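Two complexes, one shared chain (chain A), two partners (chain B, chain C).
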Partner chain A sequence: MNEGRRPVDARLVLKRATGMGAIAGLAGVYLSLVGIVERFETRNVVTGVVTLGLLTVAIAILVAAFVAPRPPRAWGMAEPSRGLKLAASVLAGAAAASVLVLFLIAVESLDLRDIFPNASSSLSRILSLGMDGPAGWAALAALCLAMGSIAGGLHALRPRDRQPLVAAMSAVLLVSLMEPFLNNVFLQLRQNALASFIYERSGLTIPAALIVFVVVLAVAAFETYRGKQARERVESLPAPTRRNAKYVTLFFVGVLLLVLPHLMGVFLSEVVGTVGLYMLMGLGLNIVVGYAGLLDLGYVAFFAVGAYATALLTSPASSLGLGLDFWIALPIVMVIAAITGIIIGAPVLRLRGDYLAIVTLGFGEIVRILLLSDALRPIFGGAQGILAIPPPEIGDLRLAGPVNLYYPILAFVVLGAFVAWTLANSRVGRAWNAMREDEEVAAATGINTTNYKLLAFAIGAVFGCVAGAFLSVKIGVVFPQRLDILVSITVLSLIILGGMGSIRGVILGAFVLVGLPELLREFAEYRLLIYGGVLVTMMLLRPEGLLPNRSRQRELHEEHDAEETQYQQRAGGDTGAPVISSP
Partner chain B sequence: MTTERDDLPAGMTADEVSAAPSQATVEAANHEPLMVVRSLSKHFGGLVANREIDFDIPRNSIVSIIGPNGAGKTTFFNQLTGFFEPTSGTIVFDGLDIAGLAPNQVAKLGIGRTYQNIRLFKEMTVLANVMVGRHVRLRSQWFQALLHLPSVKREEAETTQRARELLDLVGLSRRYEDELARNLPYGDQRRLEIARALASDPKLLLLDEPTAGMNPGETAQMTQFISRLRHELGIAILLIEHDMKVVMGVSERITVLDHGERIAEGTPEQIRTDPLVIEAYLGKQATA
Partner chain C sequence: MRFLSRPERLTRLGVILWALRIALIVFVLAGSYATLSGASGLVLSPEGWRDLVITGIAQGSVYALIALGYTLVYGILFMINFAHGEIFTAGAFTGFFVAVALAEEGIMEANPVLGIVILLLSSMITSMIVAVLLERIAYRPLRRAPRLVPLITAIGASLVLQYSFRGIYGSGVRMVPLPDAIQGRVEILGIPILRSQLIVVIAAVGLMFALYYLVEKTRTGRSMRAVSEDKEVAGLMGINVDRTIATTFAIGGSLAGAAGVLYVFIFNQVSFAMGFLPGIKAFTAAVLGGIGNIVGAMLGGLTLGILESIGPFLLLSGFGVPSTNQLRDVIAFSMLVIVLIFRPYGILGRKES
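Right after this comes the complex of A and B.
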């Protein structure tokens, strides 16, 4: 494993760790100055023990101290010893501590509030863990050093031991952050006792935190140690049994999805409905960007066309005044969508990469400005938009309100995922992928690139327009302000977060990037900051996304296996087991 | 939307195009060459890359184009495959003038190619690469795929089957079929490129320096493989090569280009002794 690499240069490793610790400290300063620390402090993670504000700083230090001791691959250096790794982690913690303590002293002794309104005494109280003067500085320094030591301790563990531990800690944080959601569900189910056992003042209670930690630790440990055998045993079951098991699982998932809005209540159904619209858009843009490789930054144009087309066709108050039924209007909207996709796609057929991105960005803005313009006010209603869009009806049932609208949105997301999945695994999907990889060769292989590009644009547009149609009936009005560039950016971000070309990724990405900010009001203010941070982190650490599609996932596994092999090799000497060098 | 029938030249039906070259048609048309190129020229502004080139490819033959660097070989290739539109001249392939057709139309008519610097779909699996190569012979449209029609399933199963056969033919192990193309060793990438080109059932296979970057052992293997292809599949092969040994070993006829012009044409024996060729390759002193 280590042959061909130069020996460990301890000085270099420690120097890098110091730098990274200092950067983490500066990140903490930044989080404090933009107000995140103070704002998040109102949220408990484990009530009475940990609050979210200080935790954001602590996590930044923990991550930096964990990453710090591992030399970047480009250095071609052998893996440092555990002792050196621990030293580097602690050093990173110390570097962060010195930066943060200096900052704390500055906040306490100088009045920075003219420049940084958030550098208040309440901030210093949070950072000093509620203590005064030097005691507070010491407390902050101790916290940073503790984070460094924990990171170093994590390095001493084998990856398979470390992962369950990290999973369990993350799970506690996640369950705690889900408080507004889960608490609401429990109350909806009239499980008040359960709710107050698990949550207390917006955070987990101590016993609940312990239970979550232990359960997730056990499950994750089972998965890493026995997961392979368990999977193999499942695979060795006869095919009919496995198929039945699959159907039973699908059945339960289906039932859960159907009763979900009644469990969640109005507010959460509203949130999930919005997430569903972004899933639809994500699935559509994923076809254009992920499969066909056409970077479209103006996807909001289709969302807008769908919303306005639906409004014009169904609202009696619109300039057309048709007042069509939603279900009659929807197919018309889809046809309009496909035509719009081709109209926008045709002029950009010859453009690639950056140029395509810029031109589509322009198209998105053009659509918004046209809708807003005075010249077209008689048709689109200018800034006021179009009002009084009636909800869809099925027979006598009016699908008004978030709980009822959840169902058609769910149906279209399922349908959309099915369409995307089918196309991806067909001749069409292969042609798209080939075009993404090398357009010239794809053409020489016989793929009509013009047609396939237009097909991708048209199908992507239909997805976007259906999402737009549901937006218009969901809020009952459409106006241009809601249809700005941020929608395009959000949809693209959720695809990147989930993994380009991955359907599961789109679904997860929509929940994380659209659902979480709605639930966590504290985050809403910093939504764009967090988007940016998430995207940069993803590009650095996991460019293939959280749930990559199969082929990319394999590459990831190879790296993981390499690390495991390395540990096995070290252990090999003790057990006398044959040492297999990795290929 | 993707009805590629619109792309066909007038007078051709889709059936005529997609029918694999059966032995009968090959025999019947044996008297005329598969490809006839007449006075083909390509100018880039003032630069003449190809000047008035005449060139024939008989059916079921292996012919080669050689020439020093910058002689215009690849430009010539690119015109045959539709990447460049000729400035003047005709390219008749199997009775049709294909000069100026788009690359995908040329591919559909039965010309497959490989590239000097390997150009696989790197992030796709080995099997998917070959299946993409089969694209022009498939008919299922996107809406048919969405309906999960039995015909689509059958076609997909046949395509997978055919792709595996081709992997066997070029000697790529089945073990590799789910591997990403970019993870294959160099030699196997070359083989995969050939399998992809063959997947479209071409009547003519264009190989652009198939032995570039190979050691003598691999080169000999590849040379053997090329002549085997011709015998087993009954197709014509056009080679561009630098390596004289490869060309002399397998070709029936060789055309030599220099400075964009054809300076010689003949059997390997004739080319070996042609003073113009020796001059082009080795300089004037060699002939003196």
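Right after this comes the complex of A and C.
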């Protein structure tokens, strides 16, 4: 396995580990100054044992100390021995410790609060684990070194032993973060005893944490040791049995989706409704970005058009004063949407990818400023927007309130996913695919790229407008302040997280990026920071997303593979020095 | 007379675009005529117009400084550095803290020129560091990736920086203490000009000349131009491509830092989100002048600044539109859209084949 590689250079490995440890320490300083440590401190992970604030710093150090001992592939170096890896991890922890302790001393002794409002005494209390003076410094250093040692210890394990352990630890964190959701469901089901057994003051209780840890450890261990046989046995089942199993699963998922709002209560239904709106927008933008490959940064424009068009048509208080029924207005809104999509799309189609992104961003902002302006106040109501939008009605049933509105939103999400899936696997979808991979070749094979791009824009616009229509009836008013570029960015982030062109990805992305911040107030404050981080990290590490679409994955990895071969060719020489050097 | 001898085949899209062009021209002419003829009853004195133009020039020179960063990076990497506006914010915040410190020490009152130079230098260095780090961490690993990938990364980096500023420095707007030396008016050729605007224009013009010299006359500039022509060949000729690209980011970043301080001189305040609009407008300016073109970026910045300053009143008030100043940003964004649609290669840029 180590053939053709250079022998291990311990000095280089340790040097790199020190550097990475120091970077992790700086990351800790950043997390402190940006306020995340202090803000997240209020959330318990395991009540009385671990809080989320300090955990963010600890995880940063743990990850750095775990990655540090592995020489990058470009060095062409053999795998270091276990002892060296352990030493490198501990060294990384020590480097992080020195950076963080220096920072702690600075926060304690200097008054930095004029410049950094978060460098307060409560921050230093968190970092020093509640102890004073040198004892606190020692405690922080010990924490960092412990993280380094744990990372080194993880290296000593075989991968198949390590994976269940990591899975179990992540599961404890995840179940703990699900507290606002699960706790609410338990209370809704009148399982107060269960709720107070599992959760205490926003975190898991110690016994509950242990149970989750052990159960997930067992399941993950079974998966790593026996997973392959189990999957083979499932695959060896006759096709009809498997199909039936699939239908049964689908049936149960369907039933669960239908009773969900009653399980969740009003607050959670409201959150899930918002997630649903973003799913609709995600599905729509996914057609434009993921299928057709056109980066639209002004998607909020369609959302706004949908919301305002619905408000104008249905609200008796609007300037039109028509007071139409929602279900009559909706098709009109969809037609308006498609036309808007074409109007915005037509002039920008000739532009290259990055210019197109900026122009659409410009359109989005223009729409918002116009809606907000005094000049158009007689029509759109200026900053106050349009009030008194009636809820949709089916027969005598008024679909008011989050629990009732959940159903039409769910129906449209399912319909939207179905439409998107059908399109992706149709002639149109294949044309988009071809166009995205190489526009000129696609045009040469007889695909009318202009028409297909316009089609993508129009369909994307319809999705966005339907989401906007539901937004307006959901909150009963529309006003321009919330319809800014950040909506476009949110939708883009959730697509990128899930995977461009992937419908499952949109659903996952909406739950994680929209649902989680709605539930965890601590995250809400930093959600755009997190979105930005998601965009950068995904592009750097996994551009195809978490649940990738297959052809898209192939596309992005072709590039990567080409790069990798090139890099290996370069590093092929014994020196490993770059071919390009300074004059 | 090529266009006479062989007319282009008209497509549906072409017809739409021509219709749009004509509608735009009619709109601009009608709006200007209505305003200038005073049909709406709103009239601006000649001095009023002159002041608007001067304000436009001062703001335009700030846009030009930022636009240079976009143009330099685009010229070399063919990528829009979306986070450039945040590099500008970093400079403005540094300027704010240094200005507070200098005011406390009394340096700003005792020796305003020294104070301004210290402000500019510290902001330029901070922004330069941010820009170089950004390139190293976020952009360098993606140099061979498909085109949308670095653009999305840049959007992400912009968000990360913007909301880091918010987290680190707080979400409020901070007022900058400006010394008397920067306030008040001076008369030049009988025209009263705000001192702050004068300082902004002088500093901006000086920096632009310095940049022009750097790019055209020095060895660094020559390697930058070589890398922008062809990275591979430049590498074979013994130019360190990575370092040249980092240098480009450093130069663009330091200009944005200076722009941050100058912007503070005009508007007197800093906040975490202040980089977004100037960033977009400076990008418009860069495209307007022909992206990749240094002189173009300067001209584009000035043009945009002036149009943005007089545009809303000139074009809209004639139609009786109330509070035209709210629509300033619409003018800037419309310019962006119009330029990109009709003349993506800019005023000075050449049409790509």
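Keep this in mind: the second predicted complex is superposed on the first by the 544 of 583 C-alpha atoms of A that agree within 3 Å, B and C clash if a C-alpha of one lies under 4 Å from a C-alpha of the other, contacts with A are read in each partner's own complex, and residues count from 1 in each chain.
We adopt the following convention: contacts are C-beta pairs under 8 Å (C-beta built on N, C-alpha and C of every residue); 3 or more make two chains touch, one makes a residue touch a chain.
Since the structure is predicted, the reported quantities are computational estimates derived from the model, not experimental observations.
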I want to verify the contact counts: of chain B and chain C, which reaches more residues of chain A? C
By the touch definition at the top of the document, which applies to A:157: first (chain B), second (chain C), both, or neither? neither
Once the structures are superposed on A, label A:387 by its partner contacts, choosing first (chain B), second (chain C), both or neither. neither
Counting only touches as set out at the top, which of chain B and chain C does A:379 meet: first, second, both, neither? neither
Who does A:353 touch here: chain B (first), chain C (second), both, or neither? second
May I ask you to decide whether A:361 touches chain B, chain C, both, or neither, giving the answer as first, second, both or neither? second
Taking the superposition as given, does A:449 touch the first partner, chain B, the second, chain C, both, or neither? first
After the superposition on A, what does A:526 contact: first (chain B), second (chain C), both or neither? second
Using the superposition described at the top, list the residues of chain A that contact chain B and also contact chain C. 555
Which stretch or stretches of chain A touch chain B in the complex? 419, 422-423, 426-428, 430-431, 433-434, 437-438, 440-449, 451-452, 454-455, 458-459, 551-552, 554-555
Any idea which chain C residues touch chain A in the complex? 13, 16-17, 20, 79-80, 97, 100, 138, 141-142, 144-153, 155-164, 166-170, 235, 238-243, 280, 283, 287, 316, 321-324, 326-327, 329-330, 333-334, 336-337, 340-341, 344
Of all residues in chain B, which touch chain A in the complex? 1-2, 4, 7, 81-83, 102-104, 106-108, 113, 115, 119-125, 128, 131-133, 135-136, 138, 140-142, 145-146, 148, 152, 155-156, 159, 180, 196, 200
Contacting residues of chain A [partner chain C, same complex]: 30, 33-36, 114-118, 293, 295, 297, 346-355, 357-359, 361-363, 365-366, 369-370, 372-375, 450, 489, 492-493, 496, 526, 528-529, 531-537, 539-540, 543, 555-556, 559-560, 562-563, 566, 579-583
